[in-house]
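You will see subunit A twice below: alongside subunit B first, and alongside subunit C after that.
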Partner chain A sequence: MTRTQRLNPAWFLVAPLLALVAVMFAGPLVNILWLSFTDPEPGIANYAALIEKASLQKLLWTTLRVCLITTVLSVVLGYSIAYAMANVAESSRQRMMLFILISFWISVLVRTFSWIMLLGRNGLLNNGLIELGLISEPIAFVRNELGVLIGMVHYMIPYAVLPILAAMQGIDGRVLQASRNLGASPAQTFWRVYLPLTKPGVIAGALLVFILSLGFYVTPAILGGGKVLMVAEYISVQVLITLKWGTAAMLAVLMLGSVLGLLYVLSRFMKLSAALGGGRT
Partner chain B sequence: MGADPASGGLMLRGLVKRYGAVEAVAGIDLEIRRGEFLTLLGPSGSGKTTLLMMIAGFQDATEGEILLDGQPITATPAEKRNFGMVFQGYALFPHMTVRDNIGYALSVRHRPKPEIAARVAEMLELVQLQGMDDRLPAQLSGGQQQRVALARALVFSPPVLLLDEPLGALDRKLRIEVQEQLKDLHRRVGTTFVYVTHDQEEALSMSDRVVIMRAGRIEQVGTPEDLYTRPRTEFAASFLGKSNFIDRDGRRFSIRPERIDLLPLGAGRSRGRVLSLSYFGPLLKYRIETPDHGVLEVDVDAWRGGVALAAGAEVGLDWTDEAAMPLEK
Partner chain C sequence: MQDKQFMRETVTEAAHAFRAGRLDRRSFLALCGMAGVALPSVLAGRAEAAAGEIVMWNWGGQSEECHGSAIGAPFTAETGIPLKFDTSGPLQGKIKEMVDSGNVTADVCDADLFDAVALGATGHLEPIDYAVVSKDKTLPGYALEFGTSIILYGYAFMYDTEAYPDGAPTSWTDFFDVAKFPGMRSLYKWANGSLEAALMADGVARDALYPLDLDRALARITAIKDSTIYWGSGSEAHDMIVNGEVSMGMVWQNRGRNIEQETNGRYKMVMNGAIAMPGAYIVPKGNAGGVEAVMKFIAVSQSVDAQLGLFSCLGMTPTNSEAVAMLSAEDAPYAITSEANMAVIALNDPTWWGQNTDAAVNAFLEAIS
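This part shows the complex of A and B:
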């Protein structure tokens, strides 16, 4: 085999694209990693702050807590929606899928402001309840952690529904019949056969929701009213206002690392291309 | 290990299943005796699987009732009927080991663990799968999966075992082997077997009785020998084995190809010309054109037939009176 044969000429066609990716994408990433160790001065001071600064720990804890609660709620609600979709007639299923996708397609900004109009102090719900005389003071649905959770769960449910629905549709109905035939009650069939068979979909949906939640910016910033500070918003403040690029870079590296780690876990349970909307194999 | 010998008799009375205007099962009256191996045989769309699903409790009867040992069970849900079932494609639980698959029926009944372990071991021995306890279904061959499905369905000693085309997924050679095993298993456990198939060979070789079904109705019921030698209708005669049909005195008769003898031209009650012949090892199959009965198929033992006749040869044909079975209109 000669040298020229080894290099597939197709590479020359992809080379400009590869160069573009390297310069525009990989380069900045390396730069971020570099910054996190060098700004404002060389060393691991930025990372040490994670242990030393209570404010950073509180930030990470808030982010983790909000993401975990969002994930649990999204998966539980998504599971029941997917279950309903998997067990109705084809025409109803398509209609339900359309509703899921419509909310999926609407800009996150529009959805966030809609929640404020619905749930704010002078929002539809509070005004309605006051008119009806059920409450005298508006309830604080938004501009707090509850608001962030409502907005995030609403945004995340489609990401939970889709992989779970795929898992449910892959179940052979005869396996469930077999369970009934062997004397299992409907509850036993669900816990011992149905749920275990949908587990890969549940895990994929949960990881997907968690990963996406980690980087959430718009919804916590608006619905949290500045009281619920999460990592993405904090990074933005460090970059744009306080100009502490080293801290921002360190947090970015931390998030990137967590996401890559979780994606690795996800890849153990299903093909990544399927979870991320790529081609079916 | 056998089932309760006093249980397992089924009675189907006027069973009807309608989907809108379509009658999948159009009035079935049938007694299934305890301990017998009964086969529901029919082409696809004959209602045999729907009937089995009604017995299992997965399909509600539109009309009619089902009795087990004289007690009506028509309204009993599937999980309370206590019938074993082997599904088409087996429907093993893919996430459970062989041991957990087989023990499932006992474990959902909250039986003590040692009892379950002992029964599972017993069943593994019955279907000769010792040592496979920890395998997952995906790690087994088709024949082994089929045996796990049998063990899983028999572990709680059901009075009735329902089998829905259990050999459909196996290759031909394995099918014949498994037929023997199934028959042997039936003899040992003594449970009533209700077996659905479209394969006439399976029906003939295994069953005590065969029910031939057509368009949701029973065409004929009988032992395999009854059905083969005394088919009552043209459908029964042609679905179970091959048959020639001849008309005489305004009636239609069925004659099996092996009941026709070839004689020198001039002898016998008919004559014809050989259209073609095929060699099947033990049999020579002739197609012979006759002036009065159209084309007849004739099977001759290859070792007895002497020199094979060439296409175009003129022969005499003969059969005995018992060989021609009168058919109902």
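This part shows the complex of A and C:
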């Protein structure tokens, strides 16, 4: 009996799903890759444009800049929230988790328009500050890059909190006691013991936030007031309006490549399933 | 809306795969169940359109109701053919994709006349049959080989009467003059209309705009970039004004009247220099309902009653001059091609836009971002 050579019957159960994935997911992806080299004419012209066209470089730089700043802010804020959650009583932690999850579930469109209501020229905050006599002219919080960052960081914080919290909860408190016992100051204990122990969570959170930020469409389009053009919106315009499908496909391939590369990096720090399923800690 | 379309595309794609043997029957059926699609319609190869009915592809919302009552009802009464809707918005890219995929699920698209120029040239449209559709019931130059203009919308600007008590802005020159008229502005972010407005502000005559001088227009637009925000949809433009985000804002002209009413006259629309846009009905190549029925449909939509119905329901200006002449004195100022307005507005050139959309939009996006 060459049992090892026989196909596990479970594969037959999975086969329809695999077929579905192959047809619905892999097929179109290959098509996109194909388009990026063939539309409007065969060759690497679409990719060469990355080097030749300043407009594309500006687009990618804006996307990268916004995503990086979003990542840093989300992780720093997420870290402090997670730290608080890890160190409060169980009942408070659950309440905090509820708040995180509620904000996590609100649709991105609703959040975006809420920010305009709150921070717009005629919004609650500006009107309040003017009433109080603190400012004479409304401050431009939204419809610019600042607005995009506010909207994106707000959206991304839960994605940073969850993996970081998971990492923090896995730390054995006695390690910190041992550090203090051995003469380390609270600051030293944090920087040299606690932070390194939570590093996998921080990296997972940062990569998650960065990868999700890359594909952001609605928030930059609306809170940016048209002036913050990111890759996702540009791709949509090239597909739907200007019909430059080759350019769109090239950018999509570039995005996909970057995300896969980052996921590979992520996989070296921790199990992907742990990062992506981090909500149930 | 997006989800509905996604589901339909999923199932349609699956149907192709199933027929080609790439997908087994059971998972295909399960998928259809998940997507909530009636099997017969998919197995027939078309998710929606079929012979014996006309599917209109429009932008949903109010227009579904308005197109149904103004055109659908008389069309069905006359021909017995029902009118159905796909409300996912017929952007050029989607029409091209639909025709290329060989699965044409719409018969007539509520699109722009420049789409007719662009997609007609690439073979994605059925030519208009001018034995059935009348060239006289639209504006001169707006009855093209692959599309005919049924209604006009347009771009105009509105201003906050409280922001400018000492004298209101009256032209695009004022709109682009932030020294004389301080305050935030809003423009359409996909170039159309914004470029024409900038050129008129720069002194180009309203009837000598085309071919557009892109560099000249963009210089004018970037000069006020710090005081400008850009909108991508009609509702966004509306919100920017109603929420007081801008002191002067470009809007879709047919929405101006609503905004005036909604703000109790605080914001007023300026028709001087408004740019009239020919909205057109175009027919994707190989439409399921057949060319004959769809041409009949377009002919019905040119009738005076249908045109007046669309005006009162959507604010879109009739292209049929007979219908325009019947508008009341109260309505006429809001019809972009009324006799008085014709002396001050600019007419969009669909041929220039059909041939230059890609260059214009990308240059504009680069300039404002």
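By definition in this document, the second predicted complex is superposed on the first by the 268 of 281 C-alpha atoms of A that agree within 3 Å, B and C clash if a C-alpha of one lies under 4 Å from a C-alpha of the other, contacts with A are read in each partner's own complex, and residues count from 1 in each chain.
Heads up, the rule we're going with is that a contact is a pair of C-beta atoms (placed from the backbone, for glycine too) under 8 Å apart; a residue touches a chain by one contact, two chains touch by 3 or more.
Note that the structure is predicted; figures quoted are calculated from it, not measured.
Once the two complexes are overlaid through subunit A, subunit B and subunit C fit side by side, free of any clash as defined at the top of the document. Contacts of A:185 after superposition on the shared chain: subunit B is touched, whereas subunit C is not. In the superposition on chain A, A:255 contacts neither subunit B nor subunit C. When the shared chain is aligned, subunit C comes close enough to touch A:116, but subunit B does not.
Within the superposed three-chain arrangement, the count of touched residues of subunit A is higher for C, of the candidates subunit B and subunit C. When the shared chain is aligned, subunit C comes close enough to touch A:20, but subunit B does not. Contact with neither subunit B nor subunit C is seen for A:69 once the two complexes are overlaid on the shared chain.
Superposing both complexes on chain A places the Cα centres of subunit B and subunit C at an angle of 160° as seen from the Cα centre of subunit A, in steps of 10.
When the shared chain is aligned, no partner comes close enough to touch A:33: not subunit B, not subunit C.
Of the two partner chains, neither subunit B nor subunit C is touched by A:108. When the two complexes are laid on top of each other via chain A, the two nearest Cα atoms from subunit B and subunit C are 46 angstrom apart.
The contact sets of subunit A with subunit B and with subunit C never meet. Residues 15-17, 19-20, 22-24, 55, 58-59, 62, 116-117, 120-122, 143, 221-222, 225-229, 234, 237, 239-245 of subunit A are the ones that touch subunit C when the two sit in their complex. Those residues of subunit B whose C-beta lies close enough to touch subunit A in the complex are 56-58, 77-85, 87-89, 91-95, 104-105, 108-109, 152-153, 156.
Residues 172, 174-175, 177-186, 188, 192-193, 196-197 of subunit A touch subunit B in their complex.
Residues 10, 13-14, 17, 22-24, 26-27, 30-31, 91-94, 96, 118, 184, 189-190, 225, 229-232, 236, 239, 243-245, 357-358, 361-362, 365-366, 368-369 of subunit C are the ones that touch subunit A when the two sit in their complex.
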